[in-house]
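First chain A sits with chain B, and in the next complex the same chain sits with chain C.
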Partner chain A sequence: MRSSIQALVWEMWASHRRGWLLVLGVLWLCATLYRLFAALIQHSDAIQTLSFAPMIISLILVMAFCDFTDRDTRGDMAGFPRRLFVFPVRTIVLVMSPMAYALAVLTGIYCAWAILVYRPLGIDIAIGWPAAVLATGMVFYQAIIWSLSGFKLVRILVMSLAACVLVSVGCLPWVLAASRSRQSWEILLGVLLAVMSLAGCAAAVIAVEMQRRGGGRGWSRPRTVFDSIPHAIFQPRRAFKSAQQALFWLEWRRNGLILPFTVVLTLALIVGPVSRINGHGHEETLWTVQWLAILPILLAVPIGKGIAKPDFWSLDLAMSSFMATRPVSDGQIIIAKMKAAACSTLLAWIVLLAVTPLWLCLAADTRDLRSIADNFRLIYSPISQWTIPILMLFIAILLTWAFMVNSIWIGLSGRTGLFYSLTSVGMTVFIGGLILIGWCVDHPNQRGNIIVTLVPYVPWILATLFTGKIVAAASVLVTVHRARVMSGRTINTCLCVWIAVTSCLAATAWLISPQVIWLRDLLVLALILVAPLARLGASPLAIAQNRHR
Partner chain B sequence: MNKLLILIAALLCYVAFALAHESAADIPPRVEVSPGHRLRMRIEGSGSPAVVLEIGLGGTLEEWAMVQSGVAKFARVAAYDRNGSNYTSQSSLTARQVARDLHEALAKAHIAPPYVLVGQSFGGIYNRVFAEMYPGDIAGMVLLDAPQEKFIDWMEIHHPKEGLASFRTEHWPEAAGMRATLDELKAGGPLPDVPIIVVTAAGPSRDPLRTEILPVWTAMHEDWVKILPLGRHVITYRSGHGIQVEQPDLVIELINEVVQQSHRR
Partner chain C sequence: MVTLNQAAELQPDDSHHTSKVIVELRNVSRRFGSTLALDDVTFRVPCGSVVGLVGENGAGKTTLIKHVLGLLKAQSGQVRVFGLDPVTDPVGVLGRIGYLSEEPDLPPWMRIDELLRYVAAFYPTWDAQFAEQLRRQFELDSEAKVKQLSKGQRSRAGLLIALAYRPSLLVLDEPSSGLDPIVRRDILAAIIRTIAEEGRSVLFSSHLLTEVECVSDCVAMIRAGRILFCDSLDQIKQSHSRLTLRFANALSSPPRLTGALTWDGGGQEWTAVCQGIGEHLELAAEQIGARIVDQTPACLEDIFVAHSCRSLIESAQR
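For the complex of A and B:
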């Protein structure tokens, strides 16, 4: 290496070489695919919205790759790489080189998406202002992650707060466009962002300089206080009554808050600002409510893949010896995971159900929603008017939970290749399904023909799928019983719960469409597929295999 | 344990296939009106005159489910998805083509005239063009909150944004043919001398525009009925625009009234 800066940049590139190639590969692939399907994207608002998902994911990946951190020897929270403290350069160079690299890469990737992918399609997304906001976000991210390396909870809170502030500032030019032109607001706020970025840089340099000098001793007291907060909240006050209870507590502490926290973040950072920019008109309100209704379900899909693994944050599926040798049965481990997922799902929905009515009452124009409610009241009997919404909420919660747990059977099996292959296929089908729904929403003319042509086959397809599910479940449960992984009583309880839940689902379908028989039966067949059975039955077998290999 | 599991599994699979069979059997078949051009049509009941149900813009024949099952008790009744509505292919057809398609589909489905036409909203305009084209095939009409050409003209003057321009083709594909349909309606001849019931939905609405225009809407229905020799005007205060869903009993009663009148004639 010719210079220290070059060496630092090389290290950042080399440590995530595959990741960078992936980001560039996705960019190239999308540029090619979007041009091939340009007409489809241009004429469908829903598909156009979905087409931004790869860009957002790749920008998140870039931020993750640019964190430039190392864990210390005790395995505490990651901070600025301590091995570089002896690097023969001034701290300002040590800090500013990775920052400059990250800024260049992040803004470069964003501009590449805007210019190479979207502009040829005629989608003219803004470049200057979003790039400035992203750059400030990157500076904040690195500054916080390096400065507060010892503070676990505080770091997460500060990062969330900074993200909220930044997103709010990012939305201001659109929100305030009525009083002055958007461009002039961007210039004014750009100065603010520049000042904030400089402050972030200065904080990072000072913090790393202190760490480099072996400083930060004065922080030990507040660090202890802050670190004791999560312990005070989550630490069990009494000894556990049973191993099952201890397992549930452990599972809840590890994964329980991920879904509710992600829901809160999505509401604060995406739904809120987008809704503010779009306005709170009656059409926008309806659109936002539709997205809110499926938000936990959508988030449960990727989070469920992580929860299915022995460790959420690790790519390795092998179970640690500590986990594998615990004196608990395989069934108990699965039940603890399922219970924690259920609590997590409930908490996420409680958050959503608390925020949504508040927003509807305070800011939204509910004209369309009230009109739908009026029609609903006209169509359904008084009993159905109460029963259907409650059952629909139950179905949404059940679907969220099902997505949270339906990969456990493969995630705990320890078969890395199979898990990632099935996950990729599942995610592709899921995203494909979203694109298809988007296309159908935007093409009422063509969707009619497709629906009418396919509908006669759908009942038979659903019945076949249900039969496959039942046959698989029966064979799995027989194997589980024979292998004595679960007792007959537990299996009976699980079956009774499944039959009760499935009956509720069938009743919902019956209530939704009491007059149109074909639609009613179709809904019954679709809804009885929702409650998981075979995959949950296979989970204890999978975990047994992973523990004893 | 194992035997019980297998028994439950077999029972559930049987139920699933029984449901699939019932569902598949109930899906409305498609009637071919010309090569590659088919309409969904559900036919129930028996007797003459046959009742033909025509839904408004963007609707489907499923909206008639409650009315159709009631009417099937005393007459043969056909509900169909018009060519150009959500579930068919072509979208810029006008009322004359719609009428020709329906006439062809009814013949292919062996539903002989005379017909009692029941049209909701814009479906009422299609019914009027059909009646003007095939006057000998008509035994009576029931028009459920159907717009009037005079009212549409009035809207174009007083509320142009909420008039024809508000029917965007991305939401209502067949709206592409609306203006031409209105021209055909205005150029057409008189309606046959048959019983015609015009229903005005005057139920409460949250839409301020609907509340504002309701007196004009009602008055124009009233004026139009006066020029019909066997016309009758019914105002319902318990229903909004979707009378067939909100007050199916009233619709069944009115259809029965027209069917009985046609028997007496």
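For the complex of A and C:
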């Protein structure tokens, strides 16, 4: 290496070599595939919208690869690599080299997508203004991640706020286009972005310089106050009565508030501002309520992936020797995780159920909702009118919990490759499902044909899935019992709970379904599939594999 | 040199503790990819004894200890701790073992008081008074978080939670690596206290051979996944000696002497660390035309270095 800047840039490239190749590979693949299926993309708005997903994912990956931080597991923090502080290089060089590299790569990759992938399709997306917003975002991201090392939650909060500000500024030229041309707004706001970026750079340099002088953790006072909050909330007041109670406390203390906190954050930073911008009309209210109804379920999907790991914040799936050497059975660890996930789910729903009626009463136009309620009253009997909403809420809570614990069987197995591969496959299926829905929305005529074609197969598909589920669950539970990972009594209790839950689901399906008997039966069968059994049963085996490698 | 199995047979019958075996590994092998980490290891820890495990980095000490704790499953062979399989019965085994590793991975966000309350829940024999006494002795602030502790303090915290329930077996994996003499003294004191309490045993690995020499009843040396020797410390010292030989003519290369592990020196005078009984060595020296001018007992460090070098030479020759 000829210079320190070159060495730093090389480190950023080399530490994520495979990642960079992946990003470039996706870019090349999309450029090829999009040209092959150009007609399909050009004629469907939904597919065109979804075609931006790989670009967004690759830009997120670029940001992740450019974070340039070292994890200090001992200090439980991630920040600017302290090992670089001993090099005879000025702090401004240490900070600005990775920043300049990240800016160049991020804007370069964005421009490559716009020019090489979308322009040949005739989709003329803007280059200058989004690139400027992205560059500012990168500066903010690095400045925040380096300055607030050791403040995990505060960092997420500040980053979310910064993202909201940037998205708002990014949308302004379009919003304000009526008063002045978009280009002139872009120039004006570009100056603002430049000032913000310079401020971000300066903040990063100052923070790293402070850290280099040993005062980086000089946030000791606010940090002490911030640290004392979880301690005050979670501190065990007296000795634990049992190991199970201690395990639950640990799980709740580490992961319990993540879902409720994320729900609050999403309500405050996304749903609130968006509904404020859209207005509180009757249509918007209905739209917002629909999103609110599935918010915890949607959030549980990514959060569940984190909770499934031995440590939420770590990429390493190996169990710590501290946990592995506690004299508890593998089943007890799993039960503690499930209990904590259940409490977390309940708390998230309580928050949502407290906020939504308040908002509906105070600000929203509930005309559409009232009309739906009136229709509901006409269709169902008085008993069903009370039972169905309660059971629907129960299903929503159950689904949220299921997503929270569904991945435990693989996350706790310690198989990093398998875990991340399955997660990627899950995401691909999810995006594929969205593309299919998008296609169906755009093609109402063909949609009808597809439904008519698929309907005869649905009972067979559901029956096969149900049989597979029962067979898999039986074999897993027999293995668990034979391996003595869980006692027969615990297995029986779990089975009883599953049967009770499944009965509730079947009852709900029975109550809400139409009078067509075959459709009702299908709905019952579909809802029975919701309650997890085999995967939960496999969890103790997975943890045994991780604990006794 | 007697093997461990022979050593176990040599245990005096009148001692109840030492005749009972707490840890037993029988023909245990373990492979990580192409690396053979443990190669047909047979090893025992008798009740009431302190067994020191020595070996170079990567020799297989930690792998062996992890098999004892059930953190690794033997690919072949059998592991028994208190007569139980640590993999199938972790509750029965781990409830009686106190474990401290080189870098105790305690949850960084926990406060010391939280850590003590948390760990206490797992052990019915947890002695709260003893824990408090140790906390004060180790000068650990109960409100300090684990992440705020220095390496030495962290080791002390790990030692505290390993000792406070008075485990039947204390397993220490390189407990004093990189620690200052005060913390090392605490760890040694803990080992001594554990021995003093009747029926308790200690298995510990260390690079610090003076420590091993100081507290061990038995020493096992492991190299490339194999137990090179395992015997009582006295027996090991008696069977090794440092010899200085004088030859009539100067030699350009080390002489061949039965029992010699390593050679040092040149010309007419050569020094060797030898394994064998004194009379036999004298005879062997005469046979190669040398005279023993000095013979001193070898210290554990000499023996360790000699066996390591010997193994290196042998593997190079192969």
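For the reader, a short list of remarks on this structure follows.
Methods note: the second predicted complex is superposed on the first by the 367 of 549 C-alpha atoms of A that agree within 3 Å, B and C clash if a C-alpha of one lies under 4 Å from a C-alpha of the other, contacts with A are read in each partner's own complex, and residues count from 1 in each chain.
Following the convention adopted for this analysis, a contact is a pair of C-beta atoms (placed from the backbone, for glycine too) under 8 Å apart; a residue touches a chain by one contact, two chains touch by 3 or more.
For clarity, every value in this text was computed on a predicted model and none was experimentally measured.
In the superposition on chain A, contact of A:S242 is made with chain C only, not with chain B. For chain A, the partner that touches more of its residues is B, with chain B and chain C as the two candidates. Once the two complexes are laid over each other on the shared chain, residue contacts for A:A500 go to neither chain B nor chain C. Of the two partner chains placed by superposition, only chain C is touched by A:A324; chain B is not. Once the two complexes are laid over each other on the shared chain, residue contacts for A:M427 go to neither chain B nor chain C. Contacts of A:H548 after superposition on the shared chain: chain C is touched, whereas chain B is not. No residue of chain A touches both chain B in one complex and chain C in the other. Touching chain A in their complex are the following residues of chain B: 1-2, 5-6, 8-9, 12-13, 16-17, 19-28, 30, 40, 62, 65-66, 69, 85-89, 91, 170-173, 206-207, 239-240, 242, 245-246.
Residues 367, 370-371, 374-375, 378-379, 442, 444-445, 447-449, 451-452, 455-456, 459-460, 462-463, 466-467, 470-471, 473-474, 477-478, 481, 488, 491, 495, 515-522, 524-525, 528 of chain A are the ones touching chain B in the complex. Listing the residues of chain C that touch chain A in their complex gives 69-73, 86-88, 90-95, 97, 99, 101, 103-109, 111, 114, 117-123, 145, 147, 154. Looking at the complex, you find that chain A touches chain C at residues 73-77, 227, 230-231, 235-236, 239-243, 245-246, 249-250, 254, 320-322, 324-330, 483-484, 547-549.
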